[in-house]
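Chain IDs A, B, C and D follow the sequence of writing; residue 1 opens each chain.
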Amino acid sequence: MEAVLFSPDILMPIVMARLLRNGETVFHGVASPLPMVAILLAKALRAPDLIYLNITGSTDPTPAALPRSTVDPALFAGTRSRVTLADLFDLSARGKLDTAFLSGVQIDRAGNINMSLIPGPDGDPHHPKVRLPGGAGSAAIMPTAKRTLLWRTKHDPRVFVERVAFRTTGGNVDRVVTPLCVFRRVAGLLQVETIHPGVTPAQLQAATGWPLSVSASTPRTPEPSEAELAALDAVDPQRARLIEF
Amino acid sequence: MEAVLFSPDILMPIVMARLLRNGETVFHGVASPLPMVAILLAKALRAPDLIYLNITGSTDPTPAALPRSTVDPALFAGTRSRVTLADLFDLSARGKLDTAFLSGVQIDRAGNINMSLIPGPDGDPHHPKVRLPGGAGSAAIMPTAKRTLLWRTKHDPRVFVERVAFRTTGGNVDRVVTPLCVFRRVAGLLQVETIHPGVTPAQLQAATGWPLSVSASTPRTPEPSEAELAALDAVDPQRARLIEF
Amino acid sequence: MRNKLTSLSEAIARVPDNAVVALGGNTLHRSPTAAVHELIRQRKRGLNLVKTAGAYDVDILCGAGVASAVSAGFVGYENVFGMAPLYRRAVEQGLVRACEHTCYSVIAGLRAATQGVPFMPVNAFSLSDVPLAQGYKQVADPYSGAEVFAVPAIQPEVAIVHVHEADAEGNARIYGTLFEDVLMVTAAKHVILTAEHIVDGSTFAAQPELTTIAGFMVTHVVHAPRGAHPCSCHGLYDMDMGYLGDFYAQAQTADSFEAFLREHVLDAAYHEMAQDVEREADTLEWSEAALGDVSHRAR
Amino acid sequence: MRNKLTSLSEAIARVPDNAVVALGGNTLHRSPTAAVHELIRQRKRGLNLVKTAGAYDVDILCGAGVASAVSAGFVGYENVFGMAPLYRRAVEQGLVRACEHTCYSVIAGLRAATQGVPFMPVNAFSLSDVPLAQGYKQVADPYSGAEVFAVPAIQPEVAIVHVHEADAEGNARIYGTLFEDVLMVTAAKHVILTAEHIVDGSTFAAQPELTTIAGFMVTHVVHAPRGAHPCSCHGLYDMDMGYLGDFYAQAQTADSFEAFLREHVLDAAYHEMAQDVEREADTLEWSEAALGDVSHRAR
C-alpha cells in the first residue's frame, strides 16, 4: 500500500503551509522561496487572516508573479502599509512575532543551525575553512520568535548533523520540514514526527547524522489533498519554488 | 546721548537673530515664539541657508501666519521632508545640532535652568511647593547641542537667580538674551556682554540675583537697523511674538 | 483581514484601571481627545499617562481623577495659556505623581519597549538633577567603560492615537507631524486608533509609503470625526480657542472645573456628540494646501 | 538651500581609505552600484563595509581588493545564484575580515551611532556562538540586573544610498522598500546620495510625508540614472539577470574576474556610461503600478 510519490517541491510547501495558523504573524527572510509559497498557500487555503511579513516591509503582499529573490520588489506589491526590516526585528524582539521560517546550511539534533562558517584547523572563526553566507536575521529571530519552522530541501548527513560546527543560533524551533520527513522538537531534541510517503525508515536514517527513533509504525505524512494541489498550482503556477531544488 | 528705546518685543528677536549663523542647524521647541521669529528673521536677513528645525518635524517651514503654539501645524507648511522629534533629539545627541534655543523659569549664574519644580519644605521632588511644566527636551538638548542660546522675556531677581532651586539641566550655554541685556557664558559663568539701549547698569543689577560686573563702560547692545526693523515687520506682521510679553 | 472597527466606548472599556497609557499627539495638537473624554466618562482610575508633551489631555485627566501618575517631559499650554492648572494642583496636593522625564527619555523608554530590551542608553541628563530625583541610573559601556544614563523600558498597556485615516484593519495615515505616535504604537501591548475617516484600505495600496501605521500592530479602530477637538488636527481643523479659553478659565477652581466637566464631558456622551460632529465633518472640506496632494480621501 | 549636486567621481573622491562605509539596499535590490564601481575605479583600499545583507556590491568590492572587512548579517545571492564567490575566497584567504553580525545587530550598531551612545542593547544572540567569535559583550540592566547583549556603535564615515528622487539639497524619496537606508543616513558622518532623478525640491512640499531623507543630513547628491544596475530599483527596473549571470560565472576564477572587472568597471567610466544610460532613462516609463500614485515625477 505504498503511497503515490510526491516530489518534494510539491510536498514540502504543502506540509509547511499546514503548520501555519489563521491570524498569526508569519515572517520569512532572504533566500526563502518555499516559505513564500507556503505562506501564500496557507492564506489561500484556510488562513486568510494570517499576516504575511517579509524583508520588503510589506504586509500581505499580492505578487503578480513569484520572484527568484525573496527580497524582490514583487513582494511589496499590494501592501497597504510600509514598515522596515528593523520594525520586523523589533516585533520579534518584543515577543510579538508568532512564526518565523528559517533554514541552515547545517541543522543539528538540538535544532541549532549553522549559516556562518566551517572552522579551519586552528579553530579561529576569522580563519575559517569555509566561509558561509551568514545567518542573516536568524540569531535575532530564532531566539525571540514564538516559534521557528525550519526547512531544508536537502536531507543528507552533511546537513543533518549531530552537532553544528558553529552555532549561528539556536532558538524556539518547533518543526523541521525536509524532503524526507517532518521533525518535531520535543524536550530539546528533533524527533521524527512523520515520514513522507515513499520514504523508508532505513532511507531516512541513512540520510540523517544521528540515530533516529523510526520504524514501520512511524506515522506517515498525510498526502496532499486535491484542494492543496490545486491551490499550490494557483499560488505558484510558474513553479518559482523550483529554484530551491 | 541716550539711545531711542526699543521695546523688548522688537529688540529681543533682532538680537537673537544676530546670534545665528548661515548654514547652521537651529532648533526650537515648545513655547518658543521669540526663537521662531528670530530664526525666520535671520533667514530673511543674512542666513538663507540656516536650517530651521522644530518639533513639527519640518525643515525650513514657510508658515502663512505665525502661530500661537510653536508645535502648530502652521510650522509644518512648506517643508520638503518629514522627520520626527526623535530624529531631532538624535541629531543633537550625536553632536550634529549646531544651535538650540531654550529657556527657563529660573536661570542661574552658571547658565543652569529650572523648568521642573520649586521644592517644598521636605525637599522631596515628589512633594514640590510648585510643580512647573517640566524641561521638555532641554535635559537632552542642552548638554549635547554644540551651543544653546537661552532667552527669557522677564528679567527680575526671581528669574535670574544665583542658583536654581532644581537643576533641570545645564549645558553648552553660549548667550542669554533678556529684555535688559545679553549675557555671555565665560569660564562657566554668565557675564554681561551688552546692555540694551536705555537700560542703566543699576537697573540691570537690581533685576539680577547675583553681583554683576557692569559699569558705564559696559558695551551697549547695537540698536536695530532699518533693515532689521523692516525684516521683523515682514516676518511677523501680526506680531505673534507679543504672546510672550 | 480582520475588522477591528468598534465603538469608542467598547474600545475604551478595554483600558484597565492602573494601566500605563500612552497618548498620541503633542501639546494642543492631534491629542486623542474623544478617547480622553471617554476615559473620564468610564471613570477610569490610577492611569499612568505617557506623553512627551501634554496639555489639555493630561490636564483634564489629572483634574478628573483618572490619572495617578504622569510620565512626561512637559505639561502645559505653552504661551497659549501657560501652566496646566489641574495637573499642577494634583501634583502639589500629592494626588498625581510627576514622573519627570526629558521628552527624549520618554522616547528612549518607548524605544526600549519596542525593541524588547529592559533599558535604553540615552545621551541626556548628564548635567541634570532629574536622574537623582527620579532614580534614573547609569550603566557602563562594556567596551569603553564610559557611563551613560539608562532609561527603563516604558511599555504602555495601551497606546491611544488619533489619525487622519484608518481602514478597518488598522492601517493608518497621519498627515503632517507624526509626533511620537508610531513609536507609541510599536511600544504598546494594545493599540486603539481613533480616526477622522474610515477608508477602504485597498485604496492605500496605491501609495503604501504614506501608511506609517501597519494594521497588524493595531487592536481597535474607532471612527471619531473631530476626535482631536479642541486640539488641532493637521489640515482639518485648528485649535478651538473659544472652547480652550472657557476650559482654562473654569479649570482654575475645583467648582467651576466640575461644572465644565459635567457639561462638556460627563453629560455629553460621545455617540451623541459624534453624530453631531459627524454631520459637521461630512461638510468639512479637507484643506488641500495643508494636506498636500492626498490621493485618497474618505467619505 | 545649499546645492550639493556633484559628479560621482567628486563625491566618491571624498571617501577615505580605511573608512567604515555603509551601503544602502539589500542583497540584489537598490544597491548603490554606480558608486560601488567608482570606489573600484578610484582604487580605494581598506574599507570596512557595513550592510545587513549584501550581494553583488560586497562581493565585487572584496574581489577588487577595495574591502578589508565586511560587517554584515549575510553575504550571498540567495537562491538566485548561491554563495558569494569573491567574498568567500577573500575571507578564506585572510584578505577580508568577516565581522559577523545578525542583520539586527547591524541595525543596533547604526542605532547607537544615530543616538550618540556607545552601545545599543539588543535582544538577540542569546543562543549563538557569534558573540564569542566576534567579541560582543553583555551588559547588565541597572534596574533588574538582567544581562543583555550590547552592540558597539557602528558609525560609518560615509553612507552611500541610492534613491529614486532627490533634490539638489539632498531631500530624497525612496519608493517601495526602505531597507536600512534612512538609518544609515542618520548614523553616518557623511552621506552620499545617488539618485535616479534629480527633481525640483519645491515639488516635494505637496507631499512632504513621502520624503524620508531630509536634505540637511546629506553631504553630496549625484545624478546616477540606473545607478543600482544590475540590481533592481523598485518600480523602475528589475535585476539584470544576463549581466549578473555573466558576472557570477566570471567571478569563479581570479583570471576571468579580472577580465570582467576590466570590461565592466575599470574601462567603463561612469560619466560615459551615465550618458548612455541617461538617454535610456529619458525614455523609461515609470511603472505606475509599482510606484503607485506618485504625484511628482522628475524630468
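By our rule, a residue touches a chain if its C-beta (ideal position, glycine included) is under 8 Å from a C-beta of that chain, and two chains touch if they have at least 3 such contacts.
Predicted model, so just to flag it, every value in this text is computed and none were measured.
Engineer: Going chain by chain, each one touching the next, work out the least steps from chain C to chain D.
Structural biologist: 1
Engineer: If contact pairs are compared by residue number, which of A-C, B-C or A-D agrees with B-D in over half of them?
Structural biologist: Having compared contact pairs by residue number, the answer is A-C.
Engineer: Does A-C or B-C have the larger number of C-beta pairs in contact?
Structural biologist: B-C
Engineer: In whole angstrom, how far does the Cα centroid of chain A sit from the Cα centroid of chain B?
Structural biologist: Computed from C-alpha means, the inter-chain centre distance equals 58 Å.
Engineer: List the centre-to-centre spacing of chain A and chain C in whole Å, with centres computed as mean CA coordinates.
Structural biologist: Those two chain centres are 40 Å apart.
Engineer: Could you work out how far the Cα centre of chain A sits from that of chain D, in whole Å?
Structural biologist: 28
Engineer: Can you pull out the residues of chain A that are in contact with at least two other chains?
Structural biologist: Correct list: 58, 76, 82, 93-94, 144.
Engineer: Could you check chain C for residues that touch two or more other chains and list them?
Structural biologist: 115-117, 122-123, 176, 205, 208-209, 212
Engineer: Which of the chains are touching one another, listed as pairs?
Structural biologist: Here the touching chain pairs work out to A-C, A-D, B-C, B-D, C-D.
Engineer: So in the complex, which bits of chain C are touching chain B?
Structural biologist: Contacts found on chain C: 26-29, 52-53, 72-76, 78-80, 83-84, 87-88, 91-92, 94, 97-98, 100-105, 107, 111, 122-130, 133-134, 176-180, 182-183, 232, 234-235, 238-239, 289-290.
Engineer: Quick one: which bits of chain B touch chain C in the complex? Just the residue numbers, please.
Structural biologist: 30-31, 33, 55-58, 68-73, 76-77, 82, 84-86, 89, 93-94, 112, 115-117, 125-144, 166-171, 243-244
Engineer: Show which residues of chain D lie in contact with chain C when the two form their complex.
Structural biologist: On the chain D side, the touching residues are 112, 115-123, 137-144, 146, 148, 150, 152, 175-176, 205-210, 212, 292-295.
Engineer: Taking the complex as given, what residues does chain B use to touch chain D?
Structural biologist: Listed in rising order, the residues are 23, 25, 48-49, 51, 53, 58-60, 76, 78-83, 87, 90-95, 144.
Engineer: For a test of understanding, state which residues of chain D touch chain B in their complex under the given definition.
Structural biologist: Residue positions touching the partner: 1-2, 113-117, 167, 169, 171, 186, 201-202, 204-205, 208-209, 211-216.
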